[in-house]
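Right, I'll just put the structure down here and ask away after.
All chains are identified by letter, namely A, B, C, D and E, in their written order; residue positions are counted from 1 within each chain.
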Amino acid sequence: MSEPIIHMDGIKKHFGNVIALNGVTFDVRPGECHCLLGDNGAGKSTFIKTMSGVHKPTAGTITFEGKPMQLGSPRDAMEAGIATVFQDLAMIPLMSVTRNFFMGREPTVGRGIFKRFDLDSANRICMEKMRQMGINLRAPDQAVGTLSGGERQTVAIARAVHFGAKVLILDEPTSALGVRQTSNVLATIARVREQGVGVVFISHNVRHALAVGDRFTVLNRGQTLGTAKRGEIEAAELQDLMAGGQEMASLEGSLGGTV
Amino acid sequence: MSEPIIHMDGIKKHFGNVIALNGVTFDVRPGECHCLLGDNGAGKSTFIKTMSGVHKPTAGTITFEGKPMQLGSPRDAMEAGIATVFQDLAMIPLMSVTRNFFMGREPTVGRGIFKRFDLDSANRICMEKMRQMGINLRAPDQAVGTLSGGERQTVAIARAVHFGAKVLILDEPTSALGVRQTSNVLATIARVREQGVGVVFISHNVRHALAVGDRFTVLNRGQTLGTAKRGEIEAAELQDLMAGGQEMASLEGSLGGTV
Amino acid sequence: QNIIVVAHGQANDPFWSVVKNGAALAGEHTGATVDFRTPEIFDMVAMSQLIDSAINQQPDGIVVSIPDADALGPSIQRAVDAGIPVISMNAGADVARDLGALLHVGQSEFDAGKAAGERLAEMGGTKGICVNQEVGNVSLDQRCAGFAEGFGNPVSIVPTANDPTEVQSKVRAALEADAEVDTVLGLGAALVGEPAVAAVQALGRDDVLIASFDLSAGFLQSVADGQAAFAIDQQQFLQGYLPVSFLALNATYGLIPGGDVPSGPNLIMQDSAAQVIELSAQGIR
Amino acid sequence: MAQNASLSADERIKTETLTTRLMKRPELGAIGGVILVTIFFLITASPTMFTLAGIMNFLTPAAQLGILGIAAAMLMIGGEFDLSIGSMVAFAGMIFGVLVVNMGLPLIFAIPLTMAFAAATGAVNGAIVLRTGLPSFIVTLAFLFILRGASLVGLKLFTGGSTQLRGVREAVADDWLTPIFSGDAFGGAFRWMAQQGWIAQLNSGAPSVPGIPVEILWFVAIAALATFVLLRTPAGNWIFATGGDKQAASNSGVPVRRVKISLFMLTALAAALVAVITVIDTGSTDARRGFMKEFEAIIAAVIGGCLLTGGYGSAIGAFFGAIIFGMVTIGLSYTGFDQDWFQVFLGAMLLLAVVFNNAIRKRVTGER
Amino acid sequence: MAQNASLSADERIKTETLTTRLMKRPELGAIGGVILVTIFFLITASPTMFTLAGIMNFLTPAAQLGILGIAAAMLMIGGEFDLSIGSMVAFAGMIFGVLVVNMGLPLIFAIPLTMAFAAATGAVNGAIVLRTGLPSFIVTLAFLFILRGASLVGLKLFTGGSTQLRGVREAVADDWLTPIFSGDAFGGAFRWMAQQGWIAQLNSGAPSVPGIPVEILWFVAIAALATFVLLRTPAGNWIFATGGDKQAASNSGVPVRRVKISLFMLTALAAALVAVITVIDTGSTDARRGFMKEFEAIIAAVIGGCLLTGGYGSAIGAFFGAIIFGMVTIGLSYTGFDQDWFQVFLGAMLLLAVVFNNAIRKRVTGER
């Protein structure tokens, strides 16, 4: 099997007196989709934030393509080739869809002091990408704050995918999406994986995870419970692990085993 | 069948030149769970916001327990007995979990000028309710802004349920929840429905909707596509309606029919 | 010896910086240490608190200006009760004795304004404006009031901010809006007098009389060149120098003059302006 | 609190020391600055600064500023600004002076009338902000100018042309309410202490400190009350919520409009109280009173840790913020530094105090 | 834009008129206020206000304020304040004066040196804000005091005791750069127009308007440039993003720190430019230059629609905001109103202009 693109070893993260991560080891290989699963508050988002340069880990090492790496800021991570869809989406509500889409990586026309933000083509690309994801926007200059929850999430996903990367991190990307948009996103994951991108996919939906995942790592209370390969593990078993081993409410039966 | 608690008739809502709702009719009866389904951007959140007093409808009438009603503010709706979990949760990030939980309806001790916010019992109740939903908080004075996505959503749900109501509106309440928390929320819906509360439940997950819904109304592009009773409609058919009738990405097969 | 001066104008006000220079020089000459303190803005409450803080330090003498006797009276009396000799300067000639001050060095702002008004009327002014860069500062308001009385003709007040460009525009506006205005009195030479001259020059009018309180080198130059009528000098250097020297002498030998010392007013006209430009540029006049 | 015991069982939290817990509270954030400034002046200033008289001397302006600062802090926590409080000090002072001197009303009528005027203006401020949806910054700025101008016009009208109204002290000298709003409290106790030789005496035999200036008592009482309201009452919760996110608060059932209007009335009332206290104390009022106090009040609140964006801060913070500001402004006159350097020092000290606060808090709480 | 055609096919949007589309732009929000104020003065003021000379007269202070206001607006959009720009005008003026008068440097060296000083101070401001995480309000407030004090000390040092440094006009009279920073542009054209009788002449035969004051040209150029940067460049996008949500912007790869530091440098540079222009124009500088300009700049930005919380606003808005402010302050001198009422009018006019702006925009865009 190929070498991991990024390898995180023994990552700890403390916020004041709160211990959010207590030694997590994780890696992603090119062309695989590695699912990060776990209960609410397990530390998944915190973990991928250390991976994308938002948080500095309290302890632990990050190795990127075989070399140790220090991520000073999300921009560093981006430049190294790590694209992330954060759970809170990292959008500016007052700004337009296009401006959010290209935030930090604006296309330009002209040269020298006449170099300017190429809004026309940016608008076009943005509308197009959104349509591909199954969202027909009214106008590219609508403020993101007035979009619906799912529309907003789609902007964030389309943005991360559009710019390409070696590692694509998706933190619960389908949580607010409709059925059509969800299947588009899952199809997109499958597509980029084919292109050799390593995907980190966080979800609470076992079915989504099983549909695209190659490996599954489960976090619980800031620690790794273990990693399984595709085919080695059953849906029910995985679901049990994700619930942190605690018993579930009685309704479960009527839900047919998988929530 | 019993009279509807709340009946919304021909609701339209325009934002400037954007037409978000274009004539939606909807009602909730006591003791039923009425699911509101639809594609991203269909207008579900906008609709329930007019129902809970956040938006004034551009046109249309609201009848509450047989009497026409004008909702001036969310507080009016609350006092009438409408409790809502908004998609954006309506939480203040800088404030503690307990303070958010009781925001607007603080328990007090003492009397006259010595009447004060009963923080001790508020903390106790809050921790207890969160535990019931499957979340073990570290401390009730943690700022909501530092909670994980699912923890935060659970606070909003627990709050709405705790204060009781005649109508409980839940806008994608399970989107960020883990499997255990989801089954708790669905069980909670079933429980309050038993108590005669009318529940409006918005979800993109057909399985969740079918698990607890009694009736299903589908919105598309600001208009009602129709209402179906439980048992009258198949999962696949419902899913098709929710996608707005548009074709889905090819991955569908591997997802086993329901996303 | 330690002498504390508490004044109501700020250290960066050109007028008061001259007072401060005077006090500092007196300190050098007599060997006393001089602390010069002012509130950051015209504020009687803050000033009374500064006097209190001076009293707490038990100096050998306090020099105060008294623009509001009611507000500062109790603090000054407390100083007197505490046995600290007090001399007032600049403002407060009428109340200094009653409050227990030994004497007063200065001129009445009202009288100075009146003298200027009388002189401008004599020179042929018929309708005037008084350009006030700090409306509500009682000493400045008194200058305008005195001017109105001495001038005898209609006077209106033009309130402005502390900004030369704005003053220039406003003076110009006032002159254009009412062509009968032929007299401009500024309450500060650098802040108002100079921009007023510039405004009149830009309008191309040579029939406008311009006078200003206090001195600045630029304004004196205009007086010397005949573009402005005169500057009103109250020799505020003396208001800083004399009280400090008096208090130092008082502390050493128990000497004190028997009466108030009038430091002005002193109108500087075209003939004498050139001589004081250099001193003004050094912060002495 | 009750649940601490059960919590320490959670392996996901480290135990923290009492100091850490205390320093985390925004109320106590500004204490570090007070300590730093005190040490600075202990070293550089004349020792008379920290005699009883000296302390009263710098606490008096701090108290007057602090009353405004605490109100401004509450309003800022609620998400708005009031730039008109400085002008309100002048305006309310003018109203009060006229009521007392020109109309000869006793304080029992004059003070409530002044307060009513102020509260009404505050309510108008608030109503305009809510009705138009404009930022309060610009609305109250308009009132900054309007009230300041109205004070000038009013004073000229009632004094026949002067911008200074005098004679308040004589007018209220015999009023039984005067001691509550002016002068020094506990005079008897202080005279007795002076006779015992516990505190210094003047030549006249009177104690060097005639008592505790009443504004200091008001200041402490208001700080305590405001802290109680903010932290221990539903209203306090509403204020934080309103400032934190207006929309979310309103969606959760907080009566946002009522909260905001009340806060605007509160700042106006605080300004009127300061006006009454200072006008009786000085016996006069003029058109410049309270000039720039709106900014100093905001400065005190911000030094004390309030966020300009609303939703975060404390009354105790503003309390210490005002003390820091008062100590620095008056304190420099106890040092030998040249007045020309005053502003440089003021700026540097403020910056130092705030940076120090911050550094301490971060270090203690382990934020990064 | 290109996609409008395809969009009108969507049944979920109503068609909107051109006016609606224009009024929606924040850039044009403040135009309503300018019109209102103009109408007010057309009715009440002496007709000389709207002669060519009169317009130049109120545009000159508006332009000086506007240069600061546009910079302040950009910084506010980026989520920060700079309260030190007023003091920076005095400080940079002092540096410039000393370089030109005391050191006799030609403008080609003196101006870049002054700018470099200012930019460095701005960078320090920004670095402290970023390093400590303190609100910029408090950090730049400290610099407000520090720079103001430093100007006083510096002036006294270099003039030997005076607070005014003069002789700048003489020192730069023959410099080839002077016409770019001072005086009136297009003098020839105006003289020619006066000869043709198109514009009024003075008694001396010179045109009543000798040209367009260069600050007005600077003002217009800066407004155009700032608008271009904000709306049409990546940097503009970064500024909006940084002010809208620092965390989200940084997570999306915007170099937040670099943006903020640059903006602090920009405001300092704007202040230095105003300092150079006014110092050459008046021929002198003093310790009170730029007093309160930081607030007026913020006022202009807010009138122009900037949000104090950042992330929203426009340079054109600040442009019109400065014009409104300039017209109102100067315009009242053209009216017959008793000038005691000045501040009342100023406040009322500001409020009216902003309310009017807002009402128009809401009405046109159909917001509720």
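We take it that a residue touches a chain if its C-beta (ideal position, glycine included) is under 8 Å from a C-beta of that chain, and two chains touch if they have at least 3 such contacts.
Composition by chain, UniProt nomenclature: A, B = ATP-binding cassette domain-containing protein; D, E = Xylose transport system permease protein XylH.
No experiment lies behind these values; they were computed from the predicted model shown.
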{"item": "Touching both subunit D and subunit E (chains)", "value": "A, B, C"}
{"item": "Where subunit C and subunit D overlap in contact partners, by chain label", "value": "E"}
{"item": "Per Cα centroids, the chain farthest from subunit D", "value": "A"}
{"item": "Most extensive contact between chains (C-beta pair count)", "value": "A-B"}
{"item": "Identity of the chain that, by mean CA position, is farthest from subunit B", "value": "C"}
{"item": "Geometric centre distance via CA averages, subunit E-subunit A, whole Å", "value": "44"}
{"item": "Subunit A and subunit D, separation of their C-alpha mean positions in angstrom", "value": "48"}
{"item": "Separation of mean Cα positions, subunit C and subunit A [Å, integer]", "value": "70"}
{"item": "Junction residues of subunit B, two or more chains touched", "value": "15, 18, 88, 138"}
{"item": "Contacts with two or more other chains, residues of subunit D listed in rising order", "value": "12-13, 148, 152, 340, 342-343"}
{"item": "Numbers and ranges of subunit C residues touching at least 2 other chains", "value": "11, 135"}
{"item": "Those chain pairs that satisfy the touch definition", "value": "A-B, A-D, A-E, B-D, B-E, C-D, C-E, D-E"}
{"item": "Of all residues in subunit D, those that touch subunit C in their complex", "value": "46, 48-49, 51, 53-54, 57-58, 60-61, 64, 90, 148, 151-152, 161-164, 166-169, 202-204, 206, 208, 278, 281-284, 286-289, 291-292, 329-330, 333-334, 336, 338-340, 342-343"}
{"item": "Touching residues on subunit D, where the partner in the complex is subunit A", "value": "11-16, 20, 24, 365-368"}
{"item": "Interfacial residue positions of subunit D with respect to subunit E in the complex", "value": "81, 128, 132-135, 137-139, 141-150, 152-153, 156, 298-299, 302-303, 307-309, 340-348, 350-351, 354-355, 358-359"}
{"item": "Residues of subunit B that touch subunit E when the two form their complex", "value": "14-20, 22, 56, 221-222"}
{"item": "Residue numbers on subunit D that touch subunit B, as the complex places them", "value": "1-3, 7, 10, 12-13, 228, 232-234, 236-238, 240-241, 244-245, 247-255, 311-312"}
